[in-house]
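Following this line, the structures themselves.
Two complexes, one shared chain (subunit A), two partners (subunit B, subunit C).
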Partner chain A sequence: MKIALDLKSWNTRGLIFVGVVMLALLFAGPEVFDLFVLLKVILFVSTAMLALSMGFIWGFGGILCFGQSAFFGIGGYAYAIGVINMGESTVPILLSVLVPAAFAMLLGYFMFYGRLSDIYLAVVTLAVTLIFYAFIRSTSGEEYVIGNARLMGFNGISSIPVFNWPGFPNSPLWPDDIFYVATTLLILVYFGLRILLRSHFGRVVVAIKENETRAEYLGYDVRFYKMIAFSIGAGIAGLAGCLFVSFNNFINPDVFALGLAAQIIMWVLIGGVGTLVGPMLGSLALQMLYNWLGTQTFASFLNTYLVFGAIILIFVLAVPQGLQPTARLLALRFLPFTRPPEEKARGGGDD
Partner chain B sequence: MDTVALLIIEVLNGISSLALTCAGLAIIFGMMRVINFAHGEFMMLGGYTTVVATNAGVNIWISMLILSPLVVGIIGIISERLLIRFFYGRLVDTLIATWGLSLLLIGIVTAIFGNYITGVSAPLGNFALGQYQLSIYRLVLIGLAVLLFVGIYFVFTRTRLGLIARGTMQNPDQAAVLGISPPRVYMITFGIGAALTGLAGGLLAPISQIIPTVGFTYVAQAFITVITGGTGAITGTIVASGIFGTVRQLVTYETTPIIGGVVLLIVAVVLLRLLPQGITGKIFRRSL
Partner chain C sequence: MTDARPILETKGLTMRFGGVVAVDNVDFSLAEGELRCLIGPNGAGKTTFFRCLTHQYKPTSGKVIYRGDEITGSHTHQIARRGIGIKTQVPSVFDGLDVRENIWLSARRNHKDREANRVVDEILERIGLTHLAHQLVGQLAHGERQGVELGIVLTGDPELILLDEPTAGMTHEEVHRTTEMIREINRTASLIVVEHDMQFIKAIANKVTVFNQGAILVEDTMENVLKNQQVRDVYLGKREVA
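Then we have the complex of A and B:
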């Protein structure tokens, strides 16, 4: 597989490059962007984190989860319900990571210890997110209350408080601060995953993806490692959901709907399976395309499904590796240097 | 007494509609091992064919029993030729490719018909069961589901075509040595599976609402049922439909359809934990 290429060439220069770009975004962000763009960027940061979680479990864990949006939504709802009940955001942020991670652990126990193969896993996870969608949509009645928070069914929960400074429930964060928090979290998650992948645990997870049987013969409990990796991915997705919700002040069951579930797969597919920067760029590219299509009159007959379906088919038939590895291969092939600057300019870097 | 009879009919209905939903998938996924994530969309297309044809004045039985399978069978063969055949043997790629196909089909149907709910009314009217009014069509549907599975079983076990198909699935190289063209067999089998799916979509159209995204209500349950059925695709699907249909319908009767769906999923996940090879991995092992 092409993924091996990524493992062999662990490249510190590429990593530094990614770090510099992210830090530049972090510090320059509020200076360069006006408020409207800044709010959009915060949204991109939360979706980039979601893409990262999928890039990790699919590209490195070999777990093709069709319902990563379930964990995003659970994280979002956990934050919303928590913050409405507690009036304070620090614990709800933790909940938004822990609740989806715990749920993924439970689901993962049944799926991995039952040794479900890829296909069954995809079906079960997709079914889970669609069932959440149906269930939350049906909770508009008065009786669906958790503490002070009404679930409100398909209308969604609105006026969800934004983050506040830890310990100061009455001092909410301004958009600039939220941007700093979100971007810092994204950087931490990215490098956290990088460190995790270099650790013993990460290496075993990748080994299992490469050859499950051999990893098993070497004495590793494949089921356990997969379950934990799945759970970590779910926690990250939950954190992304939390960012998304606190920035929007709003959540509705559409986070569980098929559209998002499909997009997450596409981000990774477009960016490149087996990379981490690729999925983030994939999510950015796809959302910009989507926003742009929304403003074009010639595209009025196009709808989300048509565009998404066409993009998936084009990529799976013509660019199955995704953009980042393809850009990298092209650069390596046509440019005699091992790490030409052009490659970095395309967002390749090493990742 | 009436309530018990009603409940029995409801359960049989649940089983038969689930079995119909799964019939095409049992062949395409259960036997061919091709992951067709566009299964729900094939049903949706079958449903639209019936609705459009019936509204255009065609007899509803002709639309359901002939036009729907014909149209979807052709669409299935076109998809197989243009897309799916490139991915045989690569499960994950097939999964993503057919998922793309599924979204594309939803997109095309939305672009043509709009994102509205349509439907046709069920033929044959009602009959009275004590204090309840029941649709005769629902009883017919139970009979049709039984007939369909008997037919599939007969074709695959008693005819030359079925023998060739099963042989090719087991060992394509051996089949090729014996002068059979495996790509052709795959194409025809896929087409038959798609046609059955279209037939199911058409038959279920009068008792469900048709929107472009309706497929997703079918696809998860269909896959779960066929997977739980295990390697003996046809028998397994019937048994699994029996279990899940009963569970779903009884829970739905007590609570809501949504809770019914949730319970079906939980039962399926627990069942797969207990029987990872599916039902036919443990019992009915030598069945088809």
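Then we have the complex of A and C:
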């Protein structure tokens, strides 16, 4: 409806709170964290952006894409191939957004204009990422080369150059700088999505999730809106892939594997479907949990994945709404100052 | 304000689901400005006929013609953009959004932002839901949800409105208000109304089309339809003489 900020609105106050937390992370990060932690945070920022892309298309667009990892991987490979060939990172960063977005638009065209039902859409997107996984794994031969970049099959591409200052290929960014770039991009993507969701386009996307038939009765071409939303989500996932590759200096076909595809769903599920902050928190919480489990001796006789899966199962059963909506409900109950004057009993849609 | 020129016609419209013929070779014509009621027992094919008109179902054969143009193959959103408003049997609204946003989504389709907001205020006033503007639609009573859906339809400023049981679940007072509103709407738009409430039909309709087993049984004034023996047989059953 109106994009203008109303400071009396509780939604706007929530946005300001999220913005302050993100800016605090941005400015205080390199001062507070040592290099090892800073590198971990860059990784978390890239996965938070991937979770954000899924949170947008699933939570607000109603599109359950089981293969969001495909766009993450395409973005990563697009950056790797681009930067190896160009020797400069600015255009490859753009490619890491545009290539997956264009691919998603093509795939989305067939899925949405072909009127695939939700379950088939989930299966098709999963199949797409697994096809990429199988294909990239089979590109070990010398014939699989794009310009100067060999794909290297399951070994992956290594020694991928990190970001450089735009126009200065010989001035690579230090970890502090990469942290600033990654966090700034995450903040821009988050607030970009919030603005998008308040725009006419965003309201229609949410309306389509609410009631596709009614949106059609109003004259909105739901196929087009879904295709564009899907493509925007893929572009964001691609950017996350680019950050991931720049942080690791390495990419291999595992980015297309079933493991990551399933994890993305879990991040959003645990963080809260229908929110944007939730999926970011979900990705952070699950990765920290996974890392922590890996360092615990009590789990040495158990498979870490088994413990991890059991914790997730218990969490989903105990807190079905997810982290962010539950935190919001608890705050409303126990912290009176968080209660808006006329609270609307809305789901978890507002961050 | 009826005009002899048809705004909507169907020719040989047929919809089959496997061996079941839900709509059977229906030739139907609605004049510009006319208000027509469709009645018939449950399973007579009224709602399926509605859905064929709006391409929710792709007819097995036959044509749907709107203002002289065939719209049989058009998508639902294209049909809506031509100026056909649809109100469904079970209120089809955006439950997770508030009343104002529901109406705004319809207004914003045809108007710029500022104008859309003005239209929303006007429609909320017209349907009597201004006091519920910021209430989530999913939390409203059934009759209020019906009102929201009607508001959504009216906001699109349609030339033809298809109303499927607009008074279902409404209180006596809400039915009275809806009757007045439909009369008012009919000053500027043609309407097809599917209804079971005979008092309501008597109050609004001049001409009535009776459906039975997917086909048109009778088309006449309400007064004549009520006297028609075939219609009575369809509704009340026919006494078999041994």
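Here is the rule we go by: the second predicted complex is superposed on the first by the 304 of 351 C-alpha atoms of A that agree within 3 Å, B and C clash if a C-alpha of one lies under 4 Å from a C-alpha of the other, contacts with A are read in each partner's own complex, and residues count from 1 in each chain.
As a convention for this text, a residue touches a chain if its C-beta (ideal position, glycine included) is under 8 Å from a C-beta of that chain, and two chains touch if they have at least 3 such contacts.
Keep in mind that this is a model prediction, so the values were computed, not measured.
S.K.: Where does A:A262 make contact in the superposed view: on subunit B (first), on subunit C (second), on both, or on neither?
M.R.: So A:A262 only meets subunit B here.
S.K.: Tell me which partner A:R333 touches in the superposition: subunit B (first), subunit C (second), both or neither.
M.R.: In the superposition, A:R333 touches no partner, neither subunit B nor subunit C.
S.K.: With both complexes superposed on chain A, which partner does A:Y217 reach: first (subunit B), second (subunit C), both or neither?
M.R.: In the superposition, A:Y217 contacts subunit C only.
S.K.: In this superposed model, does subunit C or subunit B come into contact with more residues of subunit A?
M.R.: Of subunit B and subunit C, B contacts more residues of subunit A.
S.K.: Please indicate which partner A:L317 is in contact with in the superposed arrangement: first for subunit B, second for subunit C, both, or neither.
M.R.: Touch partner of A:L317: subunit B, not subunit C.
S.K.: Based on the superposed arrangement, let me know which partner A:V124 touches: subunit B (first), subunit C (second), both, or neither?
M.R.: So A:V124 only meets subunit B here.
S.K.: A:T304 contacts which: subunit B (first), subunit C (second), both, neither?
M.R.: first
S.K.: With the touch criterion stated at the top, can you tell me which subunit A residues are shared between the subunit B interface and the subunit C interface?
M.R.: none
S.K.: Show me the residue ranges of subunit B that touch subunit A in the complex, using the header's touch definition.
M.R.: For this pair, the touching residues of subunit B are 35, 83, 86, 91-93, 95-97, 99-108, 110-111, 115, 212-213, 216, 219-221, 223-224, 227, 256, 258-259, 261-262, 265, 268-270, 272-273, 276.
S.K.: Under the definition above, what is the set of subunit C residues touching subunit A in their complex?
M.R.: Subunit C residues touching subunit A: 54, 56, 75-77, 80-81, 85-86, 88, 92-98, 100-101, 104-106, 108-109, 113, 117, 134-136, 139, 152, 156.
S.K.: Would you tell me which residues of subunit A are touching subunit C in their complex?
M.R.: The contact residues of subunit A facing subunit C are 1-2, 200, 203-204, 206-207, 210-211, 213-222, 342, 344-347, 349.
S.K.: Going by the contact rule at the top, pick out the subunit A residues touching subunit B in the complex.
M.R.: Of all residues in subunit A, those touching subunit B are 64, 66, 107, 110-111, 113-120, 122-124, 126-128, 130-131, 134-135, 138, 258, 262, 265, 269, 301-313, 316-317, 320.
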